[in-house]
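Both complexes below contain chain A, partnered by chain B and then by chain C.
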Partner chain A sequence: MAHHHVPRLEDTKTTLDGLGPRLFAVSALIGVIGLAATFGLGLSQGDGLRHFGFSYLINFAFFLSISLGAMFFMPIMYVTRASWNVVMRRLAEVTAAVMPLLAVLAIPVIIFAGQIYGWADPAVAGSHAMSHKAAYLSKNMFILRWVIYFCIWTGYSWFFWKTSVKQDSSGDVGLTRRLENYSGFALMICALSVAAASFDLLMSINPLWFSTMFGVYYWAGGFVTFWAVMTLFTMGLQNTGRMRGIVTPEHFHDYGKAMFAFTFFWGYIAFSQYMLYWYANIPEETHWFLIRSQNGWGMTGMVIIFATFMLPFAGLISRYAKRSRKMLAFWAFWIIVAQWINLYWVVMPQFSDSFVFSPMDVTAFFGIGGLWLAGITKLAMGNSLVPTGDPRLEESLRFENA
Partner chain B sequence: MGANTKHGDLYGLLIEFESPSLLMAAVEKVRDEGFKKWDVHTPFPVHGMDDAMGIRGTNLPFLVLGGGLTGLGLATLMQWWMNAVDYKFVISGKPLFGLPAAVPVMFELTVLFSAFAAFFGMWILNGLPKLYHPLFTNRRFRRATQDRFYIVVEAADPRFKLEETRNFLASLGGSAVEEVNESAED
Partner chain C sequence: MKSSVTDLIDNTVDDPTQPQELILGGQDFTSITETVSDIVLERKTPRAWYIAFTFTAGLTGVLFLMIAWLFIKGVGVWGLNNPVGWGWAIVNFVFWVGIGHAGTLISAILFLLRQKWRTSINRFAEAMTIFAVICAGIFPGIHVGRVWVVYWLFPIPNYHHMWPNFRSPLLWDVFAVGTYATVSLLFWYMGMVPDLATLRDRAKGRIQQVVYGALALGWRGSHRHWHRYEKAYLLLAGLATPLVLSVHSVVSFDFATAQLPGWHTTIFPPYFVAGAVFSGFAMVGTLLIPARQWFGLKHIITVHHLENMNKIILATGSMVGFAYATEFFIAWYGGNPNESFAFVNRAFGPYAWAYWIMVTCNVVTPQLFWFKKVRTNIGIMWVMYIFVNIGMWFERFVITVSSLSRDFLPSSWAYYDPTMVDILTFLGSFGLFFTLVLLFIRFLPMVAMAEVKTVMPIADAHSGERRSVGDYHGDIPRHVREVPDGGGK
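Our next item is the complex of A and B:
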């Protein structure tokens, strides 16, 4: 209250300025080298780039899920009229607005669909089990759906980002009202499109398997990773002298709460999906889990139970951990790695029945991740890192956990 | 509980303030004076009050953790004993004690016992239920739910000396210092 120091934007740096071009150049370079290395390693496998396709898919799905998390974050905050997050919201806006770049990065997935997806195999597509799915799971329909997904996602993320940037100069409260009005509808459309996209992107690698929970499973992983990435982005900017003092332990505490909550949410969803299939014990449903529970993939699954769920749950449960900068950074980093391992376990067993790991998986991570970060940097360069015209900014700066 | 022998029927001294900012400055002085048995009453939550009063974190989380682990252990033990020991019955070819099937009950009992520990632990730590409080006898204090802010220093505090403490409180800039008695005044 009165005797408390209220942080002011003037006291810190709120633009990328000199850092922007450097960060862009370095991450774009890492991205290009990473992708080139992945492609080279893929060619050297001599398997018609099949392994390359899978390595690429894991990392594309990973970074896409983070941007999709950011895309959900914005309408959730508007629809609830939340104020605490406003000071950090611009970072989420640019993380979502990088969607057109992700659309370009989706092209290799479409090109290599023949090597990745079971439905592209004529023997599978012609089988009796596929007779009702074959029309939906075909190359042309697949491409058409990805065009629709990216139109929706680009449209929404740019609408939220551009409107917010426009508010920086005008401070018009009407723009906030406008976004609030569109947020409910945005959430519904995005939820449906992300669920459908997760079926296309990951579930249809094995076209005979189906899970109605798969959409929320993919989303939950992406959403918890998004909070972890936002935590590290903000801390990274603060380490370069930006956004200091305005993003306080109070804000990080809430990011920690979100990571904690969605770590549990992910665990709840992942377990529910497993338990229902385990209990029903029907062969056409359990085969997906069967190949993932033997030949090294079972061990990977055990690692995932602890790494993505139990350990971060225990580690983030205390208020002290969420308010400690070092511990929060540690768990944010941990969650990012753990969720990546989870996607690896979802995708790779379809490539090989027994455990494989190739340098390509890592080079593709830096390849796609580098370009993704370069895209985000490019979008963040032109404007303030804080939505300066938002009517709730003042409230966000004064935010304290009760 | 019970009248303080040193000060007879006196429960403590109360001082009234008209705004949260006046109150906050005074609260920090009371804290720095080293009083232990004292409290602040406001019509609404005042941010930063915990720090100003020097209140340390509560032990409640540890009670909740204990409650949760008890629930988890109990649920595991109960299901294992029922299904795998006391009444063995094979259902659709599943193991007698299949962990996936047991997890929902383990989860629910963890939540239930955590909630019990949080709810009743909060009662115990706050000394609830409490049907009577000496402050209710003070007419002035009734405005604590409307538009006034109060600091109350209890006579049971080891540093409490009636005249000295009264003078100290009077120097804090409040609008009135009053004695509060254990028993009703009217």
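Our next item is the complex of A and C:
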């Protein structure tokens, strides 16, 4: 029983040390090859890199959503004074702190905006329906907003990460208080910026469509994926002999609960958004769902209902599944794939009215994902993988899921 | 001169290295039992209770008089007009359903999140939920026009072979609110069984013994009983959790499925849920502050508990503000002139006064809860709760009436004025609500004794070095020992 044995940090490895440079090199290499392959495949399409732009956007939005999920996670844990998560919080901190790299990775989205976004098409931009917001959805304003988003996100995530790292050596309780004090404000910034960014990044591909729920929809998908990624990160590190015994089935049980809860939450949001537009049946609103419900996209949507909501909901409901390492890993992997399909369905129908799938979509996944993982590894290399100076670490280590 | 231990000890100090004690004043199991059950069994009913009860019962009488008048004359006695076919009845319905949400959030979601501080307030909040749902249920029931066939709302076989319209969100409400009321009642009652047994065992009067005995369902506190109790509690918490989301989401569908500008927007479901939790916590606070004062519960429902509630109010109030902002932005972004008109009309049209009351009470004043001084000041927070209650009623009023009164056809625009019957019916519903609350306070345990005991240091057999050790009955938390003059009860 955990009662009698409190795990100790000294019993396991809590740095990346030798693994760091290797993981960095391999994932960076995969990233570079992936992007090069995507670019090559994009050129071979002969469509002025339009398909490339869309494939790139899906995967950029996907990995961005995970880091945004991590960014949301940190303040929510401080603001609620939660302790169970401390032992794994550093992993989330570096996942969020990779923001500057994501800012660089956003540049192609801006370069290819002309191929991706409807508002960049002069014929659309000049139309009556667009006239009132033509200034808002213009390339310059778009760039300006992305600069602002990334300034906010970088400052925010580095503040949390750096402060936490500083605490490793000093163990200063004041730093925890400081983060607690800023967390409420951080959450508000997070909500506003993520919603606005999701409108820009994904909703404005079709500049005539709008949904007040869209920000929540993008955020909810990102947050559930974040938990799945944390599960795989932690298990992966444990498989290499790191963080063993300190992240216990008690903690994994909570990872599972988070995945279960936000799978449900995502389903609730997705259902509400769809149902309300379907029910009122106003053409200005339903056109977005119309192209997504025919010519193969409808079938994709069906897959999403089951893959992102119903099956993981059923699969993660039992305590057994959440505490079984293999089953939890399976569902974490599943959720990552399913949420990726969901973003594919959000983005790709704007490229083609009928279902398309290209190897580019997968190579772009490895391209952006590889660089993203390399960036995270780089950030994780210098410091402990566990926030050793956190005053709640002890409580986190002895955490039990009653 | 500070009068009680809770004035001397500040358990709102935020120290990451040492969690604050939730129950103050050197309490043990016996003293908790006595404090709570004596209110029901031993203490003489205060005269103020009788005065309050007379007043609220009178107001309830007004409610029933107004309903009788409505039944005699028809809905023409209300201020409804064309195009405003939905007036205070739906506004009051949504207001009261929303109030209920705090109870379910506290009892179900905070339970699943292992929030120990919930134990001091969950019983009260759950009771309030049920009373609020009762008040809510009245309004659609009396609004149907032909009240004598109100049972047609339910899909029961009848001689006309009439079936309800399953495509109507109003019917979904019947099921959503019905399920909610049932589960909330079960949860509340089941959670109360051990405490009812305590009352049974301590009761001296024969009638009390029989009544509490029957309600306690033969509870003897055996391990087997506790085992099943906790299992059932967890399962009900799990079942009630989606209900927190579903009920007010379905209520929001009443508006959002329509094509009316200002109603039809996709963020409505979570936005309504946040608003409901917001208003519910404010109402719990409105009632708890006097209750803890008058019945000597300040060491059980401490400032720490109230501060936590205020943080939730700040969070949900900000979510509501976020939804207002998003709605406004998309009304502009979407480019539908009717939609943008609806929002400009809300803020600057004939109902601007109501809109700005709503924004002030729901978005602006709750921001004061950023300051710890405000969060921990009993007087200020009580005033803020009243503001939130007002603001959330106005939110539903603004949504319902401003969109209806100026619809697509300017020639049919009309201003809506409530009649005296509208006003008295609404005030009467407060009478019913407070009457039920007063009865609850008088006859049932206001605090979940059994649950509170589980979060006290002495319940922790493995209390570590940070907890002060003591024997089973005489444990005195360190805070109290360190108070210079002993703290004194």
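What we mean here is this: the second predicted complex is superposed on the first by the 399 of 402 C-alpha atoms of A that agree within 3 Å, B and C clash if a C-alpha of one lies under 4 Å from a C-alpha of the other, contacts with A are read in each partner's own complex, and residues count from 1 in each chain.
Just so we're on the same page, a contact is a pair of C-beta atoms (placed from the backbone, for glycine too) under 8 Å apart; a residue touches a chain by one contact, two chains touch by 3 or more.
Computed from a predicted structure; not experimentally measured.
Peer 1: Determine, under the contact definition given at the top, whether A:R392 touches first (chain B), second (chain C), both, or neither.
Peer 2: Only chain C is touched by A:R392; chain B is not.
Peer 1: More chain A residues touched by chain B or by chain C?
Peer 2: Between chain B and chain C, the winner on chain A residue contacts is C.
Peer 1: Touching A:Y279, do we find chain B (first), chain C (second), both, or neither?
Peer 2: Both partners, chain B and chain C.
Peer 1: For A:A129 in the superposed arrangement: first (chain B), second (chain C), both or neither?
Peer 2: Second partner only, chain C.
Peer 1: Could you say whether A:L232 touches chain B, chain C, both of them, or neither, answering first, second, both or neither?
Peer 2: Neither partner.
Peer 1: Check the residue A:M141 against both partner chains and state whether it touches chain B (first), chain C (second), both, or neither.
Peer 2: So A:M141 meets neither chain B nor chain C here.
Peer 1: Considering only the touch criterion stated at the top, classify A:R319 as touching first (chain B), second (chain C), both, or neither.
Peer 2: In the superposed model, A:R319 contacts chain B only, not chain C.
Peer 1: Under the contact definition given at the top, report the residues of chain A touching chain B in one complex and chain C in the other.
Peer 2: 3, 275, 279, 402
Peer 1: Which stretch or stretches of chain A touch chain C in the complex?
Peer 2: 3, 79, 81, 129-130, 132-133, 136, 173, 176-177, 180, 184, 187-188, 191-192, 195, 199, 208, 210-216, 264, 268-269, 272-273, 275-277, 279-280, 282, 284, 391-392, 402
Peer 1: Help me check something: in the complex, which residues belonging to chain A touch chain B?
Peer 2: So the residues of chain A in touch with chain B come to 1-4, 271, 274-275, 278-279, 281, 317-319, 400, 402.
Peer 1: Along chain B, where are the residues that touch chain A in the complex?
Peer 2: 20-21, 24-25, 28, 45-48, 52, 57, 61, 65, 92-94, 98, 100-101, 103-104
Peer 1: Going by the contact rule at the top, pick out the chain C residues touching chain A in the complex.
Peer 2: 14-17, 114, 242, 245, 249, 253, 256-259, 264-270, 311, 314-315, 318-319, 322-323, 325-327, 330, 332-336, 370, 462
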